[in-house]
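Presented below are the structures under discussion, each in the form of structure tokens.
Here come two complexes built around chain A, the first alongside chain B, the second alongside chain C.
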Partner chain A sequence: MIYLFYLIFYGFLLTAIVGLLASWIDRKVTARVQYRVGPPVLQPLIDIVKLLGKETLIPKGASKMTFLGAPLAGLASVILVSTLLWVNNVSSNSTFLGDLIVVIYLLTIPSVSIIMGGFASRNPLASLGASREMKLILGYELPFVLAVFVPVIKSGFSIRLGDILNYQLQNGVIIGSWSGFIAFVVVVMCIQAKLALVPFDIAEAETEIVGGPLIEYSGSGLAVYRLMKNMLLFVLPFFLMILFMGGLRFDGIHLLWGILKYVGLVAIITVIRNTNPRVRIDQAVRFFWGPMTVLASISVIMAFLGL
Partner chain B sequence: MNLGNELFKFDALANFVGIFITLFSLLIVIYSFGFMRQRKGMFQYYIYIILTLLASLGVVFSNNLILLIVFWGFLGLLLYLLIGFGQKERTPSTAKKAFIIIGGTDALMLLGLAFIWKIAGSLTMDKISIALNTKVAIWTYLCLAAGAFAKAGAMPFHTWVPDTAEDAPTPVTAFLPASLDKLLGIYFLARITLDIFQMNGAMNTLLMGLGSFTIIAAVMMALVQHDLKRLLGYHAVSQVGYMVLGIGTGNPIGIAGGLFHMLNNTIYKSCLFLGGGAVEKRTGTTDLDKLGGFAKIMPVTFVTFLIASLAISGVPPFNGFVSKWMVYQGIIDTSKDGSYLWILWLVAAMFGSALTLASFMKLVHAVFLGQRSKEQKAPSDNRKETSSSMLIPTVTLASLCVIFGVFAYQIPLKLFIFPSLKMTDTVFYGIWSPGLATGLIIVGIVVGIIIYLLGTVAKTRETEIFVGGEIVKEHPEMRLSGTEFYNTIKEMGFLRTIYRLAEKKVFDIYDIGKTITSGFNKVLGTLHNGVLPTYLAWCLLGMIILFFILLR
Partner chain C sequence: MSMKLKALLKSPWVFHLSTGSCNNCDIEILDCLTPRFDIERFGMLLAGSIKHADVLLITGSCNRQSVIRLKRLYEQAPKPCLVVAIGECSLSRGLFMHSYNCPVPLDKIIPVDVYIPGCPPKPEAIIAGVVKLIEKVKKEKVESKK
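Take a look at the complex of A and B:
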């Protein structure tokens, strides 16, 4: 029963609130960069509520179950992974739910749900966008896996998140070492792609394929996808903080530190997204399989050498 | 001396493999009632299936290596005969190819048996224990492993699997290359690796290297296939890599993961083949360009196919994830021996799993989702499932995928895997509680449904799709089948060269062998020019040499 509480409170409500706030920060900063005023704080929430009031349209001949079920699967997996991260961060000796490998696998499900939703819409543009999303996954998965294992190597080959946190508590954060820093840079690039933000928003590319997988979504389905994406805006940086920055701590000044770390990460993501143009899919894959994989390999080798 | 104990043995590993061999045979027979209806020679077909079952059980339960290889050879012949039931033009040559590759490695195994007799002086499996410290022992191991690899379809003896998958009847493919041959090949590999030989680090590294290479290379080939069954055939090869990798780690959790993956793979792979067969039966084609949009027409088949696809891609909480996760832990565990190569194997395995996901997304799109092709437009708009005898096996297997994933510790690991390796469940050092996760996922979905109900999901409206204002009905060519999804990757840098070479079958051991053989033929063939004096000259020359040697 206690897990149910964790899930509803931490996994869903808290994550959603922080995610919506982060989304507001992102939009506000973007607006300021473009000399606009930007939306009020509640705007991301208002958007979702408004979408819930809109009519739910389903493309003719599509499998309704898949079309409406895909957003649910994505949302459920984000809630699950968020609960996992929260519990393991709060009590680092717990053996709750899963380890690093589980998190890596759970984090692909939101993308898979978007792909399935796009496929189910029977729209050629959606199929095209979903296939780009899949190619993007192929692209970033290689450097992502390499870089994520740098903390594992550093913390003595443990794949438990708690052990990685404990190691950082005693020996300083992993981003403080050279190998950790390089791996961190690689992972930031990868989560930019995981969040489907510019320059890696190739799958959705509003100006080109009209939202790609989301083109046929409206009303409730789109609202759930929106919520899922906003929650990912919290979950992915949080995952990064646990792996590289010692997680979130709740004693006194450390809490402020944690909030600063998170806001800093969101700021980095926003800055990247506002200063780059969209790349083509083959350029993105080349970027991840080329320079990023090389950087990640270097960081792994340096981690083996103890740097 | 009890002859029964000498020739047969019934330990936990053999029992576990035997149980599943019987289960799969039963399911395939049920499926064949539907799929093979109205074909000729069905009497022989079912006889062959039953003989295959008996021979496989013989392999699993024999304790004497000679007995084992007799059953093993018999299986090769039955495979040849069963492929012959295919109705494609290339079927005979495919059957020949499979027979030659399997038969050739059988010969290697015989050679290995001779070596074993020389080294150990016994052919009873539970009495042999050979250390891999001499050259002969290493060659013996390699000979036997070649047999296991060819049977299971690991590289470099894999090339018969995709061809067979494409040209043999679907139940046969689901029966032999996808399930029984995997079980038997990996069973034999586990036997020789765990019982007969004492492994050393170098051999383990070789196994892990071969496994990783198999995963990546085969799945890269699968990514660009245009045929439903051929694509699945390449995955049948790629998944073997995880099993070889797991067994190659040499530590308990890795080996348990490898065996568990063998079991899981047989379950979801035959489910995929059988689901694909249902579509094939309905449309008469397996060309991905001509399929599409079947989710609405065959909803049950679609759901089973989707579950099996997610399971093979290692999406939690299905069974494929648990075994992959165990293999990964085994790989990380090898770092304790001071090895640095583990990160390479790990990345290969995890990246291979992403590639698997990619090719299954393509497959699901091309067959079940996406836009319907022109060829399938005609009467197929109304819902029409396949016959129940074809649904029972797929539904059974898909539910096994879920059950073995969610209750992984309680059912498959506790009942089958751990007893066969004589170990307990204390080996894990990672964390994964599938039951709890499934419960929480369900709660998460309920949360999503509540959000839906707050919205307008109760009354939906159907609309035409929007393609920038074009009317799709008037432009049937505005359609993505899915086969072209990964062309950008195919055209990328050095991958393009590799794909080109692979299309020319440069990496096919059978074609290499064929080239060498026909090369010899050409040289020797020039001697047979049909002119009598030439032949007489050769005879004379031979006699002179003979006399020279004998009378010297």
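Take a look at the complex of A and C:
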């Protein structure tokens, strides 16, 4: 019963609220960087309510089940991930062994759902976007998983998120060590690609292939995708905070620190997004398989040596 | 007013379609997105795909080639969808009134909600036109309730 409460309250409601707020921060900061005023606070929520009220069109000849099911699969996996992360964060001893692996698996499913939706919508541009997304996953998963090894090694080879949190509670945050810092830089780059933001928004390039896999989505399908992306904007930085920065604690001054950590991470993501041009897909894959994988390997070796 | 329509008026995503204009109106539309006018503060975004759009901004004289595409795009737009005619050409065909290539004006082809005159209209005029559109939809809803 308590897990159902976690699923509905923490996993969905709280994550959605914080995610919508974070996407507003993202849009507002982008606007301020460009000397604009920017949208009002409730804008992301209004967008989603509006999209839910619109007509949902299904392209002729598209697979109806896959087309409408793909966004739901993505949203469901994001809710599951955020539930797992919250459970770990609230009571770090009550989770199961190997939840880190489950989280890494589930974090791939939003991208997979975008690929499914893109291919199901029977549009050449959507197929192009979906194939680019696929290449991008192949690119960033390798350095991402390598860099996630660092907290695992640091916390005495534990693949339980709770153990990683407890280790950081006693020995200081992992980002404080050299190997942790290098791994953190790599993971920030990877979540930029996972969130499909500039410079790695190749799959959805608005100005190039007009939204890529999302081109045929209208109404509720698009609303679910947008909600999924907004929630990812909370879940991925939160995952980073748990792995590298000691998570979010609720007692006294630590709550303020936790909020500052989160807002800082969102600010880093937004600044990267606003100061870079979009790269090509071959450049992105080369970037992830070249410098990022090398850096991640170095950090893993350094973690083994105890640096 | 229903929640659906209220939300629509607070975040109208516009799709921009040129049916054979001289590009002046299109540039003025893009001006609305620049820092000086910034229509994102009203929640408006320029949608790339017609499936994401709520408002169709149509410029140009509706020539024979583009009328087919115009009809197809209007059918593809998810309803409720509003139509705004921008510039003299889309209002009355302007200079091309007697051209063999522009048989009928825009509002004989699809229903138009708001007309914004000008050759080209200023960005201020376009924003004022969209504000009028929002007020018109609000009033229609109130009257239909009475």
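Going forward, the second predicted complex is superposed on the first by the 304 of 307 C-alpha atoms of A that agree within 3 Å, B and C clash if a C-alpha of one lies under 4 Å from a C-alpha of the other, contacts with A are read in each partner's own complex, and residues count from 1 in each chain.
Assume a contact is a pair of C-beta atoms (placed from the backbone, for glycine too) under 8 Å apart; a residue touches a chain by one contact, two chains touch by 3 or more.
Note that the coordinates shown come from a computational prediction; the quantities given were computed from them, not determined experimentally.
J.: With both complexes superposed on chain A, which partner does A:Val145 reach: first (chain B), second (chain C), both or neither?
T.: It touches chain B, and chain C stays clear.
J.: For A:Ile164, decide between first (touching chain B), second (touching chain C), both and neither.
T.: Neither partner.
J.: In the superposed arrangement, which partner chain does A:Ile137 touch: chain B (first), chain C (second), both, or neither?
T.: Touch partner of A:Ile137: chain B, not chain C.
J.: Could you tell me if A:Glu206 is touching chain B, chain C, both of them or neither one (first, second, both, neither)?
T.: The answer is second: A:Glu206 touches chain C but not chain B.
J.: Using the touch definition from the top, say if A:Glu55 reaches chain B (first), chain C (second), both or neither.
T.: It touches chain B and chain C both.
J.: In the three-chain superposition, say which chain, chain B or chain C, touches more residues of chain A.
T.: B
J.: According to the stated criteria, A:Gln43 is in contact with first (chain B), second (chain C), both, or neither; which is it?
T.: The answer is second: A:Gln43 touches chain C but not chain B.
J.: Could you say whether A:Leu232 touches chain B, chain C, both of them, or neither, answering first, second, both or neither?
T.: Once the two structures are laid over each other on A, A:Leu232 reaches no partner at all.
J.: With both complexes superposed on chain A, which partner does A:Ile215 reach: first (chain B), second (chain C), both or neither?
T.: both
J.: Quick one: is A:Ala22 in contact with chain B, with chain C, with both, or with neither? Answer first, second, both or neither.
T.: Neither partner.
J.: Shared contact residues on chain A, chain B side and chain C side combined as an intersection?
T.: 53-57, 210, 215-216, 219
J.: Show which residues of chain A lie in contact with chain C when the two form their complex.
T.: By the definition above, chain A touches chain C via 27, 31, 34-40, 43, 46-47, 49-50, 53-57, 206-207, 210-211, 214-219, 222.
J.: In the complex formed with chain A, which residues of chain C make contact?
T.: Its residues touching chain A are 3-5, 7-8, 10-11, 35, 38, 40-41, 43, 48-49, 51-52, 54, 76, 78-80.
J.: Where on chain B is chain A touching in the complex?
T.: Listed in rising order, the residues are 293, 295-296, 299, 302, 310, 314-316, 321, 325, 328-329, 332, 335-336, 340, 343, 346-347, 350-351, 354-355, 357-358, 361-362, 364-365, 368-372, 381, 429-433, 436-437, 439-445, 447-449, 451-452, 454-457, 459-468, 472, 478-480, 482, 485-486, 488-489, 491-493.
J.: Could you list, by residue number, the parts of chain A that touch chain B in their complex?
T.: 3-4, 7-8, 11-12, 51-66, 68, 71-73, 75-77, 79-80, 83, 95-102, 104-106, 108-109, 112, 115-116, 119-125, 127-128, 130-131, 134-135, 137-138, 141-142, 145-146, 149, 152-153, 157-160, 210, 215-216, 219-221, 223-224, 227, 281-282, 285-286, 289, 300, 304
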